[in-house]
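Please go over the structures that come below.
Two complexes follow with subunit A in common, the first pairing it with subunit B and the second with subunit C.
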Partner chain A sequence: MGRNKPQGRGFRLAMKIWLGVTMFILFFPIAIIILMSFNTSRYGTFPFEFTLQWYEKLFSGSELIASTIFSFWFSLAVSTVSAILGITASLALRRLSQKWNKTFPTLMDVPVIVPWLVQGVSLLLLFNWLGLGRSIVSMFLGNLVAVMPHSFLLTYSRVMTMSPSPEEAGRTLGASGFRVFRDITFRMIFPAVLAGWLMSFVLCFNCFSLQYYLAPFGTYTLPMRIFTLIRSGCEPDINAVATIMCVVTFLAILLLNKIGFSADQLFGRGKKGS
Partner chain B sequence: MAEIRIENITKTFGETQVLNNISFQAPDGHFVSLLGPSGCGKTTLLRIIAGLEYADSGRVLVGGKDITAVPVEKRNIGVVFQNYALIPHMTVFHNIAYGLKLRKMDKNEITKRVREYIALVGLEGLEDRKVPQLSGGQQQRVALARALIIQPPILLLDEPLSALDRKIRGEMQYEIRRIQRQTGITTVFVTHDQEEAMTMSDEILLLHNGNVEQMDTPEKLYNNPSSLYASDFLGKANTLDAVLEGEKGAWRVTGNGWSFPVREKEGFAPGQKVCVAIRGEQITMHRKPGEDFFPAKVESVIFTGEVCRIQAGLGGDTLAIACINVDAEGLRPGDEIYLHIPKEKIHYFSR
Partner chain C sequence: MKHAQNRPSKPREPVRALILPSAAMLLCISLIPLFMLIVFSFVDGNVTTTTGISGFTLKNFLSIFSSSTVPSLLWKSFGISFLVTVLCILIGYPAAWAIAKVVKPRNRNMFVMLSIVPALVSQLLLIYAIMQLLQSGGLVMNFLEALGICSSSDSILYSDTAVIIVLVYEYLPYMILCLYSCLEKIDDNVLSAAHTLGAGRGRTFLDVVLPQSFSGLLAGILVIFIPVAGSFVEPDTVGGPYSMMIGSLINTQFNTTLNMGYGAALSFVLLVLMSLALALINGGMKLAQRKIGG
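Up next is the complex of A and B:
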C-alpha cells in the first residue's frame, strides 16, 4: 500500500471506535455528575426525575456555597498577584544578561515539576519555622508559589519572542517608561498575561493538597470541603457545585481559546515576534 | 532644521569594540548615509544618535545643542526602524497620532495634522486599517509619517527598505528622498546596500569595523576612494598586486606581466609594494595597439543587456572589464585587445 493511499476501511473504523471510547472515558463521568445534579434521587439512582432542589439547597445556606465563594475570592487574589509578578519578573528578566535569561526560567520550572504534596510539606515546615504556621498568609503564599511559574512562563515567552522595537518607537515619540508600558508593552503581552492569569486561577482553585496543608483551622476552601463531605457522607448538592465548577471551567477554557485566536489576528498571521 | 555633529563616539559591547572614535557632521538639510557591511557598527551609531543606546564616550550634538545625556523620550528625534515597529493594536491613524497625543495636543488639531501627514506619505483612505492589514510598503509609509509628524529636527532611518521587495524598494527610495526634500529635514540613513546609498545620499559615511573609512559625496567616494576597502565596497573594483617603479615624473605600477603609468601620490616612493584598484568601466578597450596601451587576451564575454562584461587576461592576472554593448560587438574569447587606463583612474594603496 502506498504511503499516500487512504488506510483500509476496517482500520479507519477501528480508529473511530477507539476515539469514541477515549472521549467516553474522558467525558462520561462529567456528564453523569451534571445529570445527577438534576436528579431527584439522593443516591444517584434511576429512573431520572428532573429537579432543581439540590441547587436550591446549595444556595440556601449550604456550607458548600460559602466555601465556593471563599475559594473564588482566594483564587482571584492569588492569580492576580501571580499575574502581576509574572509581568514584572518577565520584563525585568528581559533586561538581564543571557546567563540569567536561561537560569531563571529553569528555576521557575521547579515548582511546576515538584509534586504539590511534597511542596506542601516543605512549605509547612518553612512557615512553621518562620512562625507563620497554618494561616491565611501561609496558604496564600503557598498557593502563589505553586501557580506563579505558570503565569510567569507564559508571559515570559511572549515577552522574549516579541520585537522590542514598537516600545523603542514609542520612546522616540516621547513616551515615558510608564506610558510605554501602559500603551504598548502591556497591550502586546496582554493575551499571554490573561492566559497565565486564567491558568493560575484554575490551578489555585483546584490546589487541594497545598490548601489542606496550609489552611488555618476552621477555614475551608471548596476542595477541602468536598473532601470532608465525601468522607462523612454527602448529599447531591455536591453534584450541583461540581456542575457549576464545570461550567465555569468550560467558560474559562473557551475564553482562553478565544484569546488564542485573537492573539493570532492581533500579532500578524502566525509570524511571531516581528 | 538642524545639523548633526558626532564627536569621538566610542562604544564597546563586552570585549568587542563596535565604534572606534567616530566623528562626522551632517549639515542642515542634508541626507547622509551610514554605509557598511553588517557588523560594522552603523546601526549602533544610529541608535546612539537616537538615544536608544549610550556611547562609552563622545558627544552627540543636534543643532549645536549637546544631547548626549538627554533620555530618548526627551530628544524629539524621528526614528524609522527596520521592521517598521508599528504598534500592532493601533490603527494607522492612531499610530501616526501617538506622538502628538503624548504631547497633549488638542484633538481637532491632531486630526488635522494626521490628515496632512497621511497625505504627505500617500496613504489617504487607509486611516482605519489595522497594522497587519497593511503591506510592507504601506507600513513603512506609516512609520515615516509617524516619525515626521512630531516635527523633529532630524530624522533617522535604520535600513528602512531592507525588508521590502525590489520594486517597492525603488519606489520607496524615491518617496523617502521626495519627502526629505519637501520637509528639508536633516536625515541619517543606515544601509548596507551601496547602490541604495549612492542613489539617495548627499554624502556617504563608509564604516568598516567601527572606523570611518571615508566620508564623501557618492561621486567622490566612487571615483576617488581613499582606501582599498572603499574602492572594493562601492562597486567591485579589480584589485591587483603591483610594485611602484620609475623616475620622478614618470611613475608606473608594474604587476605580473603588465605595467601602467600612474599619478604620483604623497607618502609613496618607487620600489614600494602596492595594491592597485581599477574599476572595470574605466578601462577603455581598443582593437589596435597605441601609446600606453597594454595587450590583453579575451577570456570570456558576457552580455547582460546594455552592459557587456569581459574577462581579459592581462599578463598573469585577470581583469574584469565593463563596457557598453556596442563596443564589444564581435568579440570572441581568444581575441587580442589593447587596454588603456587613464592615469587618474588607477588608484593604488600600500599593502
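Up next is the complex of A and C:
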C-alpha cells in the first residue's frame, strides 16, 4: 500500500465512511424488518414492545408458512437436479472436443442473460401451446433452466482445473468407472458442487418471475405469497418470515465462505435477473 | 484454461453421453422457447391448446409501432435502467474501492460476502422491507419530517422515485461485487509508482484505476441494465398508476388482457432493443478503453 502514500489518510477515511454508509443503507431495511418482527405493534410503529406473537401466528398454520415449506421442498428438488446436471455436463465436457467446450458454456449463458420475465413469457407460450400450461412440471423446468447455469459453471471450472492424476491412479489400480467417480472425482469436485447447489437453491427460492408465470393456479411459493400480501395489505407475520429468511441466507453465505468460495466465484459471470 | 493437459490420457467414450440431459434441457427449455417467442409474436390474439395457431399476421408489430404508449414506455424503461445503473456505479465504486484497497485484507472477503446478502434475500422481501420504510408514517418519512423536508403523512411510495430506490437497492450489491473483483487485482505497487512519479489522485484514477476496472464496470452494467429494463415487479408493487414500465405492459398481456401474441411481440421488441443496447454498451466501453488506454 506504499505506506498510505498513494491514498492520503483523509481519502482513506472518506472511503471507509462511504463504505460504512453504503453497508448501512443496504442493511437498514432488513434490520428494521427483523426488529419489527419482535414488536407488538401491527403497523411497524414505535414504541417498541417485545413479543413473539408474530412467530406464534406464523407457526400456527399461517398461509405464509405453508408457502415457505412448499418453496423449500421445491427449491431443494430443483437445485438437486441442477447440481446433478451440472456434474454430468462438466464430466462429459472434459472428454468432448474443444469446440464443445467453447460453445456449451456460452450457450449456458443464454438463460442468464435473457431477463426472467422474457424467459417466463416464452416458456408460458410454449407450454400453453404444448398443452402443459401452468403446472408444477412447467414451473419445475422453468426454474431448473434458470438456475442450472450457476451450478454448471461452478462445477465446470472446478472439473477443468483439477488434476487428472488421482483418477488415473485409481483407474490403473483397477477401480471401475463408477468407483473412480464416487471415491475420487466426486470428492474432488464436492466443494464446487455444494457451492453450486446452494446458489441454485437460493436463486430458485427467489425466482419470482418464473414461478409467477408458470405456477399452477392455487399453488403459491413464498415470493408469490408475499407478492399477493403486499398488494392486498400487509400481514405482520411477513416480518417473521423475512427474519427467518435473512438468517437462513446469512448462514448459507457463511457456509459458502467456510468452504472457501469468494463472492465473485459464486456469481462468476452470472447474475440474478428480474 | 488449458483443457488439453488436464484431460485424462485415455478418453472413456461413454462419459460423453452425459452431456445429453443438460444439452437437451438447455435446448428445449431455453433456446427453443426463445425461438418460439419470435414465432408467437406473429400470432394474432391468444395462444391456447384448443384453438392452436390459426395464422400469422404482422398486426402485433404494426400496433406496437403505431401506438404512442409503447415507444414512450420503452424510452422510460431504458431511461430508468440507465439512471439506476449510473446510481449503482456512483454509490458502488467508492464502496468497492474501500473494500478492495482500504479495508484490512483479512476483512475483505467478509465485507463482500456481507454486501451480497441483501441481493440473495428474496427480491419480494426487499421490496416489502422498503415499502415498510417509505410508507406514510414510516421511519424515513418521519425522519424527513424531522428535517423539515416534508410532512410524514406524504409518501414517496407509489411513484417513480420509489421504483428507482427499490431497483438501486436490489442491484447495488451486484455492482459492488463486479467492481470489487476487478479493483482487487490492481497491483498496489502500480499505485505507489503512479504516486512516486507525481501523478495526482485524479490522474491516477483516470490513467491507472479506471482502465483496469473497465471489465468489472462492463460486467456490472450488463448485470444491472438488462434486467432493470425488463422489470415489472417493482413498478407493480411500489410504483404508482403512472409508473408502468415496458415489463408491466408485457405482464398485463399475459395476466390480465390475455393478448399473448401482442405480449410476445412486445417481448421480442424488448429483446432486440436489449441486444442493441448491449452492443452499444460493449462498443462504447471498448472505445472509451482505447481512448484512455487500458
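Just so we're on the same page, the second predicted complex is superposed on the first by the 252 of 274 C-alpha atoms of A that agree within 3 Å, B and C clash if a C-alpha of one lies under 4 Å from a C-alpha of the other, contacts with A are read in each partner's own complex, and residues count from 1 in each chain.
Here is the rule we go by: a contact is a pair of C-beta atoms (placed from the backbone, for glycine too) under 8 Å apart; a residue touches a chain by one contact, two chains touch by 3 or more.
All of these numbers come straight from a predicted model, not from anything done at the bench.
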{"item": "Subunit A residues touched - subunit C or subunit B, whichever exceeds", "value": "C"}
{"item": "Touched partner set for A:Arg187, first subunit B, second subunit C, both or neither", "value": "first"}
{"item": "First, second, both or neither for A:Leu107, with subunit B first and subunit C second", "value": "second"}
{"item": "Which of subunit B and subunit C A:Tyr213 touches, first, second, both or neither", "value": "second"}
{"item": "Subunit B versus subunit C as contact partner of A:Ala242, first or second or both or neither", "value": "second"}
{"item": "Partner chain(s) touched by A:Thr161 [first = subunit B, second = subunit C, both, neither]", "value": "second"}
{"item": "Shared subunit A contacts, counted only where both subunit B and subunit C touch the same residue", "value": "163, 168, 171, 266-267, 269, 274"}
{"item": "Interface residues, subunit B side, partner subunit A - complex", "value": "50-52, 72-79, 81-83, 85-89, 98-99, 102-103, 131-132, 143, 146-147, 150"}
{"item": "Contacting residues of subunit C [partner subunit A, same complex]", "value": "1, 3-4, 6-13, 15-23, 25-26, 29-34, 36-37, 40, 47-49, 52-53, 91-92, 94-95, 97-99, 101-103, 109-133, 135, 137-139, 169-170, 172-174, 176-178, 180-181, 188-189, 191-192, 194-196, 201, 204, 219, 222-223, 226-234, 236-237, 247, 250-251, 254, 260, 263-264, 267, 270-271, 274"}
{"item": "Contacting residues of subunit A [partner subunit C, same complex]", "value": "1-2, 5-8, 11-12, 15-16, 18-19, 22-23, 25-30, 32-33, 36, 43-45, 85-86, 88-89, 91-96, 98, 100-101, 104, 107-108, 110-111, 113-119, 121-126, 128-131, 133, 141-142, 144-145, 148, 152, 157, 160-164, 167-168, 171, 177, 202, 205-206, 208-209, 213, 222-223, 226-227, 230-231, 234, 238, 241-242, 245-246, 249-250, 252-254, 256-257, 262-264, 266-267, 269, 271-274"}
{"item": "Touching residues (chain side subunit A, partner subunit B) in the complex", "value": "163, 165-166, 168-176, 179, 183-184, 187-188, 265-269, 274"}
